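The two complexes that follow have subunit A in common; it is paired with subunit B in the first and with subunit C in the second.
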Partner chain A sequence: MSNDKRSGRSELAKREERTAYRLLLPALIILLVIAVYPLGQVFYTSFTNRQFASGQETEFIGFDNYQRLLSVTISQLPPVIDEDTNQPVIDEETGKTVYERPISVLPREPVRYREYKQFSFMGNRYVLGATDVDFIDAITNTLIFTVTSVFLELALGLGVALVVNSNFKGKGVTRTAMLIPWAVITVVSARMWEWMLAPNRTGLFNTMLYTLGLADGRVAFLASGQLQLWAMVAVDVWKTTPFMALLLLAGLQTIPDELYEAAAIDGAGPVKQFFSITFPLLKPAMAVALIFRTLDALRVFDVFQVLLGQSQYSMATYNYFQLIGNRNMGLASAIGVVIFIIIFGFAIAYIKMLGVDMDETA
Partner chain B sequence: MKIKKKHWWTLLLVMVLVGSLLAGCGSPAEPAEPAEPAEPAEPAEPAEPAESGDQVVITVAAGAVGQELELTQKAAEMYMDQNPNVLVNVLDTPDLAQDRLGLYLQFFEAQSAEVDVYQIDVIWPGDLAEHFVDLYDFGAADVVDEHFPAIVENNTVDGRLVAIPWFTDAGLLYYRTDLLEKYNFEPPATWDELEEQASVIQEGERAEGNPDFVGFVWQGNAYEGLTCDALEWIASNDGGTIISPEGMITINNANAIEIIDQAAGWVGTISPSGVTGMGEEDSRAVWQGGNAAFMRNWPYAYSLGHADDSAIKGLFDVSPLPAGKSGEGAATLGGWQLAVSRYSNNPEIAAEVALFMAGYDAQKMRAVEGSLNPTIMSLYEDAEVLEASPFFGSLYDVFINAVARPSTATAPNYNAVSTAFFRSVHSVLTGSIDAATAFEELELDLQDITGFDIQ
Partner chain C sequence: MKPPKHFSHLLLKAGFYLILMIIFIYLLFPFYWAINSSLKSEAQLQMAPATLVPRDPSTGDFAPTLRNYRVIFENQQFVRGLINSSIVATSTTLLALVAGSFAAFALGKLRFRGKKPTLYMILAMTMFPQVTVLAGLYAVITTLKLPTITSMILSYMIFTLPFTTWVLTAFFKGLPLALLESAQVDGATPFQTFYKIMLPLTAPALVTTGLLAFIAAWNEYLFALTFTSINPGARTVPVAIAYFTGAVARQEPFGEIMAAAVVVTVPIVVLVLIFQKRIVAGLTAGAVKG
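On to the complex of A and B.
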């Protein structure tokens, strides 16, 4: 794309361009076959009621799957009125007004809404209803998981990268050892963590907390709603920090030493050096690492599937459950499309925010 | 102009990248990998390789809970001894039933001939019938009368016998004879008694220096096992069977709500709070380590508990599960069947293998060595079987009267029904909601799934 004016190009340049396109063709065809075609298939299936592993007829049902997944509504909960006094009923224990229950207020036709959350606004009580609360939960879980795990990985990874980037004896060994968690297959490391997080003193964490006198040795890390998500974050941070560190280390290596030497001569301390030299020059590498990790974390599957099964879903495990468990291929495809759009949105946002120029790499 | 064009290229590139990232989890053509990729187990005994040219290979997909896998391999060896021209491979499949179903479905969607014989759960014949051959076409009529008629009926779909019964299961209460004697208790007849005994023993044992001791362990993770456990509580409290055989949704009733709330009270008191993450093997680990007074589990834990490496060898016994309001305990009917894939390359030989493995000799071996309940009635009078597992005789009524899950009435939606049920119960057990609210919601969920009327 170095030439701005197409009309002014020589015959040779045109010919070169044609050759370039021809050389690109095989790659393009492969992309079409392995990415665009299956993706198109998913889009198409998401508009049908296709069943997985079944001989049942498939029908085209339009946007029904999406409607079932994503519809939300807000209804006001009227206070319960006492029939005798015509006054709102007040709970005697708590002193608060009693409202109608969401289940009797939320619409049931054509699709049923379930309670997602209740909230008060301007003195009225409202309920947020969703047709597929599990999916909304899965999205929230995944987003919380992604934001916290990627942030922690970036912070820790940067620390690790800075340490192994400095010159010390045994640098090579340290760099290799650092990569071990990343090299372990996720299903295997998830099992390992399952044992360490066991809800009794056979588990490492319970033994540690018990020995330190911080808990009774029976903390259910993987079974209690509040701890589940944080356990997932811990497993992922442990596993992927090395990857983050590796990407950042590559970025650090490209920063010439002369800059630091010059800065030192000018009297800049280590902190000043970090923020004036390291950080700005590391930004492109950081952007790439963040994009990689965020997109990867958004489609997290293995850790959730192995450790939490059906008790809490990520977007991908919910997709798996609808496809395999309920054999609902149409709906599962619609979930796939929604995941696609969410991840796509994240990718665009990153590119805009971090000012990554895709062409510059060429 | 240039900038705009550049943008489009960028967009397209991003889209393709994201798309290929997604290919693993979104594309139906390549369904996500199962949680535990099953690895083909080594064939029990590689027969002479020289003959492999005309040797038929039959693959049996089987479970590996407890000593199941070894026993299946042993049965395969028994068959290969008699039929040297057949090589029977045993494929190790995931422990949790749903994961196993997920793996099977992927074979079926691909119409794969890789697996010839499938070990299927008692709740699956209705859902999976279309993928299996009719065993009546392969001589099952001669042997079918030996098996429990209720299970044969369960496995018969539209007059086709889609699976041969292999072993049956019913929930049992395991209790520590030494501890009950120490604290002067009789085996509990009701849930209230169990609650009291468990709490006394737990307190006593902890005071005597075992901080890991718990009163009662069961299967509380959000999976099919919880459906079984919760169904037992509800049925024993006269609360019905979630959905009646006639297709009425009965779950939202006072008795069911009462017993589920009671069970939620066990979590963190007589049962560890981690019980809501336990499957069969997790609870057995606690129990067999000598750290629990009571356990709800299937019969397979009996012979393992009496094995030499068990901390409680000779210190426990089994009884029917305690009763609630109905005055009688209830045991959920479990058990596994062998079915032959329609996509098998050698259905005759595969059927022969299945019928052999479910036959008298193989079932007897499995009953004696693995305390897996036979489905052949006459084995319950066999002296060797009764010597190995005396409770087969004394608890015969429990096995005969086990409560079936509503899989027939709800086919092909049973999995969705069960998932809605166990997730609902699980949310009560973890304390995020009370049973009355949960079941009010569940009742409507079940109506959405099945279209049945609410009672």
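On to the complex of A and C.
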């Protein structure tokens, strides 16, 4: 087979290639019909100022949408100088230097920058400004959400898969029960959690914390900025751990028992067996599960939309807000493209990191 | 120094069942809470502290009500939605599995030029948020003048087909090449190899991806909401639930929503019960005998 390239392509190789193209045809046709136009349109619209559901004329505006979304700048904040003493003003209560207001140093042209964060570095005070603070927030929220929830899902999913993969009475029931969270309709499960996380003792969690004497029964899980994101993570981990577990379980099933038997004869303990057999052989299944889970987490919409509305955005709910709330379709498309690029980056990172490049078969 | 064997064995077993119990409680308790809420009346739902089972507000006796279930089954939209959802999710799953397994076999086991770009292109289809592609997709659907149900099935391919293709590609790749070559030596065409050898061996993977794709299609909300806006008769279950209105204006019928959540989960539980044996069908044992 390795001579193919030198001796020209053999008849067999050509036949194989033709079969491959024929097998790919149905999938490619379907995707061509439904995806190419919508996706192409997203890219195109992102360079225009198109309004959603309006007769207003659309103009081509180049990278303006992207600039509006992603521009960030750092400016130094000069301390406020007392006009009489020529010394920096010190706040009497806190004993700290008073600085100029960020709004006075951040650029206003061509687009106005707003304060995102202030920080001190080498004795100077700086302000980080962004043209679209909400979107920068949405990106950080989504990234934190994605990294924590996917990591927890992988850990829990692997645990569940390993347990369910072993032989015990009632594993059929367990395997079925295991999938239930994933089966509950997302929009409804979001409402379910909203009810359980209610800010008074009609909710399960407040009742529980109150009964255990840990809180006053009035914890506002969904209203306090600190807890919001973690509540989202909790909801998502509960809901999608089964997805991870099932894909990993299917992966575990393809590992031949003989390998474990041989390893046991060689005196390898369970831990060694896990790292020398299970983990390496599970990698392809794990990579695919991780890719699709991460992809979904980065696009998270339902939970954020139902539970947080406009109090904190994920990238996708901000996208929705710009499209439906502000009817700014051009900007919304640009957000879509930014999300696409971030997701693509993650996918490639996974494929490289887990060493499961799909092209290495030949 | 080791404790006697049967003792450590017992300890291991106890630990195992303890972990199993924790998993069970973690995964099932929120769903139990939905069942519990679905059996409560509006007044019982407002009780603080919340009760583990429906209780009468004044006497504290166990007092479940089936009112919520009665209401949702009298709702034509909901019943119609169950039928629509079954059609849409089943067709989506079958189409995604057939097209996906063809493509995955080519991508996982055959040599051809342009494999990597194809894989990435297929994955890229599913990397946009649903909201973003909605407008363009709607334009395609109206241009093609497709019936609402068909348009939902087709548009669901955007998130199910890349998924089935990728998962199955990974599984096809994992199958031993020797089997394939021996079939070729025996004179089997690639199509025969695919049907007679690869497909049965990948049954667990097919069932797994099929179940996950089915659930994704069954749960989809945003596309369904948009495409059925002009044809309420085609509404799927998630959309029908979203249109639930309470007895009192602007009041949300939470008990009914929970009852619907329970009812809608039942078909999936049945599906999983039917197919769960196949998930774990002895793939490797088959391969050795194969």
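Please note the rule applied: the second predicted complex is superposed on the first by the 333 of 362 C-alpha atoms of A that agree within 3 Å, B and C clash if a C-alpha of one lies under 4 Å from a C-alpha of the other, contacts with A are read in each partner's own complex, and residues count from 1 in each chain.
Note that a residue touches a chain if its C-beta (ideal position, glycine included) is under 8 Å from a C-beta of that chain, and two chains touch if they have at least 3 such contacts.
Computed from a prediction, not measured in an experiment: that's the story for all the values here.
**Student:** Mind working out whether A:Pro242 is in touch with subunit B, subunit C, both or neither, as first, second, both or neither?
**Tutor:** second
**Student:** Look at A:Ile339 in the shared chain and tell me whether it touches subunit B only, subunit C only, both, or neither; answer first, second, both or neither.
**Tutor:** A:Ile339 contacts both subunit B and subunit C.
**Student:** What's your read, subunit B or subunit C touching more residues of subunit A?
**Tutor:** C
**Student:** Classify the contacts of A:Ser224 with the two partner chains as first (subunit B alone), second (subunit C alone), both, or neither.
**Tutor:** Once the two structures are laid over each other on A, A:Ser224 reaches subunit B alone.
**Student:** Now for A:Pro38: first (subunit B), second (subunit C), both, or neither, which partner does it touch?
**Tutor:** A:Pro38: touches subunit B and subunit C.
**Student:** Please indicate which partner A:Ala347 is in contact with in the superposed arrangement: first for subunit B, second for subunit C, both, or neither.
**Tutor:** It touches subunit B and subunit C both.
**Student:** Could you say whether A:Thr211 touches subunit B, subunit C, both of them, or neither, answering first, second, both or neither?
**Tutor:** second
**Student:** Contact-wise, after the overlay, does A:Arg175 reach subunit B, subunit C, both or neither (first, second, both, neither)?
**Tutor:** It touches subunit C, and subunit B stays clear.
**Student:** Is A:Ile144 in contact with subunit B, with subunit C, with both, or with neither (first, second, both, neither)?
**Tutor:** Neither partner.
**Student:** Check the residue A:Ser54 against both partner chains and state whether it touches subunit B (first), subunit C (second), both, or neither.
**Tutor:** first
**Student:** Determine where on subunit A the residues touched by subunit B overlap those touched by subunit C, and list them.
**Tutor:** Common to the two interfaces on subunit A: residues 31, 34-35, 38-39, 41-42, 52, 187, 200-202, 210, 217, 295, 299, 301-302, 316, 319-320, 323, 329, 332-333, 335-336, 339-340, 343-344, 347, 358-359.
**Student:** Which bits of subunit A are touching subunit B when the two form their complex?
**Tutor:** 1, 4, 31, 34-36, 38-39, 41-42, 45, 50, 52-55, 103, 108, 112, 114-115, 187, 198-202, 210, 216-220, 222-225, 295-296, 299, 301-302, 305-306, 309-311, 316, 319-321, 323-327, 329, 332-333, 335-337, 339-340, 343-344, 347-348, 351, 358-359
**Student:** Can you name the residues of subunit C that touch subunit A in the complex?
**Tutor:** 16, 19-20, 23-24, 26-28, 30-31, 33-34, 37, 45-50, 95, 98-100, 102-103, 105-113, 115-116, 118-119, 122-133, 135-137, 139-140, 144, 154-155, 157-158, 161-163, 165-167, 169-171, 173-174, 190-191, 194, 204-205, 208, 211-212, 215, 218-219, 221-222, 237-238, 241-242, 254, 257-258, 260-261, 264-265, 268-269, 272-273, 276-277, 279-280, 283-284, 287-288
**Student:** Help me check something: in the complex, which residues belonging to subunit B touch subunit A?
**Tutor:** That would be residues 2, 6, 9-11, 13-37, 96, 98, 101-102, 105-106, 108-109, 130-131, 211-212, 220-223, 272-278, 285-286, 291, 412, 415-416, 419, 422-423, 426, 430, 432, 437, 440-441, 444, 448 of subunit B.
**Student:** Give the list of subunit A residues in touch with subunit C in this complex.
**Tutor:** 13, 15-17, 19-21, 23-28, 30-31, 33-35, 37-42, 52, 159-160, 163, 166, 168, 172, 174-189, 191-193, 195-196, 200-204, 207, 210-211, 217, 238, 241-243, 246-247, 249-250, 253-258, 284-285, 287-288, 291-292, 295, 299, 301-302, 315-316, 319-320, 323, 329, 332-333, 335-336, 339-340, 343-344, 347, 356, 358-359, 361-362
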